[in-house]
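Chain nomenclature is as follows: A, B and C, assigned in order of appearance, with residue numbering initiated at 1 for each chain independently.
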């Protein structure tokens, strides 16, 4: 099969970021994602995975380095403008407005679209997530953990972003629900949304990812195809702290 | 040096040091515990009125006037104010941080109202006069009288200073600091944050009450007008200037701000014509208000600095505007990775 | 019991309610108790007084009373201008003080302290400019008309009540039905997520200040029309405003209005029982009772 090399959608160069000026957590990351890829960012606790994606989303101060989206420099773009550039972020916790209705959550996200597109996009998302449309006037805080994740994803997809970044979507969910959420993410990716996923749940993540990067102490130490990494016992033991088990990771 | 000047100096310093006592009380509440009191005037008034009631001679048309010794009045004033502080603290300390501020503001309003309206107890708008003054027998010799008064208040301030310093360094003070710096960790060690805060608030309130009592006996006359929000404001300015969390700063700030206040009052009085004095006084408050806000903006840790333990607390963000622009800014957000 | 107390309470309560909506909105979105909010009420009244005075001096025809009311067109026009000026004042204070403190991530309590300093400054500026002498929009006396049931009200009083009712409904609809209202609720729940979703938090903050200042201005003008204008009026209202905002539940607009009416009515009836000199204590008693029994307020959620 001929492999077509797709263009780079999102990239960082020498990215240094962290809450404190003298204490960078992300220390010089060069990273690139191509269109339609599903890339997972792995690494031990405290490696800076979450800070890395938050820096891309504009939630953590960038000390130096640059980031570009679809060829445009977005390093200095404030957090609330990133979504307008096509970069959608789903935080790990508190990623929906619990006191607002499901419909208000979606309307809020649709507000940045031109008026004539809003209703259509919301309807499209309800088609995609029938669970949500069934209780659209209910307060989002009443949703189950899996449904909350789906609402957060739906909210992020309203604007048809070119890149969707998720910070540990599996956190706090039962294995069965994780499988459902990840299956949905794979579907969304198959429909042409580039996805970057930060995960602790290594096996489930590698099972759906095309490619993975491993972050250790704020630097990328290893990267490769998902299959390659899943097969690499050294990586598994060194960085991920999991016993390699081929039978479980193969898709 | 002439006698009048020394006499005036003693008078000035005595007045300033009574403010220093209030400031030390506020420092226990705010500087060491982070509890915000917007009703200082009310707490000072309680101490003043209680002590006046206990020590003045029996008066026709007014309840009280028990003619007790001055020391009893001071202790009584401190004790009652401490109890009121405890009750207000118990009501609000476990709630949001600013509910305590609102409640203390309410205390000041209600105390003012009681002072004005409970005429049978407080003398109403005219207040209570003939409050016994320490060393009244020396009153004939102005200089000696002023110096004796100054000596008493100065001794009190020094004694309080040492007690509070010891307290801050005691296990109790350390727990307080631990709670303020890292409440979850302190709680994990089994310390009741609410209990310790409550104790600190009651102790601070008691000191303010004591200051009110001392002031009342030094001036010899109290009225509701002495206990307006302006007083609260002045004491805050003193502590902020001196540097909160620092007992020496609290005393120094009190003397400094009192000097600026007295000086600017004199300047304003001489510049404005007699008919415009009320306006001029308003302008003086504007200037002090602007100064306080400027200090909060430029030197939130006080002009004279503060002990390092407080700095974290002052700059700390408690859940709120955590969405920074991607610039290099310092925050103390917990890194979440 | 004097049925007239019902009318007095409703009128005072509607002014408290308008102010309390501003307090509750700034509290839920900026996350601190703004002790300077009462001063916006006073400044709003003085802005209207100054503009109405100037309009009256320029065009004396504007002073001819409109229909049954005690004031001419000068006042409604001045009210609109005062709302704009008061909004400008709120934005100015935010730009000079609160915004800077926010940018450096000051703690809540530093914000409260700054608002306390701002309150004294603003109040004393009024006292310096206008002296502490009470002022009035008009000196015309109005006859209270009987409304039945032993209740009387002047046309001015009924108009104030009507304006307050319309404003509360308008603000409620703004918050629940419009995109800016959704943004405000979103920021009040989670500032960081609001940014991620694409809401410009600074813009929302500006709108909250403008809205709070506008409502405070109307409350101040009502108070000036029905009672009098004094530099201390904001300070006197502060405790009732806080009591109403907390009783209603922080963040709840209908709650703030309902609680404002409760505070106003309680004051009016208590005045009948224990005398007008104790009016100011009522708000404190309500505050203590709420904090004791239901700290989250009528419409608030427990923390």
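Heads up, the rule we're going with is that a residue touches a chain if its C-beta (ideal position, glycine included) is under 8 Å from a C-beta of that chain, and two chains touch if they have at least 3 such contacts.
These figures come from a predicted structure and were not determined experimentally.
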Q: Looking across all chain pairs, point out the one with the most C-beta pairs in contact.
A: B-C
Q.
If I average the C-alpha coordinates per chain and also across every protein chain shown, which chain's average lies closest to the global one?
A. C
Q) Roughly how far is subunit A from subunit C, going centre to centre by Cα mean, in whole Å? A) 45
**Q.** Where subunit A and subunit B are represented by their mean Cα positions, the distance between them in whole Å
**A.** 53
Q: Go ahead and note the Å separation of the Cα centroids belonging to subunit B and subunit C.
A: 30
Q | Residue list for subunit C, restricted to those that touch at least two other chains | A | 192, 194-196, 201
Q.
Touching at least two other chains at once: which residues of subunit A meet that condition?
A. 58-59, 78-80
Q.
Two-or-more-chain contact residues of subunit B, please, as numbers and ranges.
A. 322-323, 331-332
Q | Touching residues on subunit C, where the partner in the complex is subunit A | A | 179, 182-183, 185-186, 189-190, 192-201, 301
Q. Taking the complex as given, what residues does subunit B use to touch subunit C?
A. 34, 36, 38, 91-92, 95-99, 101-103, 105-107, 109-110, 113, 116-117, 229-230, 233, 236, 240, 278-279, 282-283, 285-286, 288-290, 292-293, 296-297, 300, 313-323, 331-332
Q) Which residues of subunit C touch subunit B in their complex? A) 31-33, 35, 97, 100-102, 104-110, 112-114, 116-118, 120-121, 124-125, 127-128, 131-132, 191-192, 194-196, 201, 235, 238-239, 242, 246, 277-278, 280-281, 283-284, 287-288, 291-292, 295, 303
Q | Contact set on subunit A toward subunit C in their complex | A | 57-59, 78-81, 83-84, 89, 91, 94-100, 104, 107-109, 111-112, 155, 159
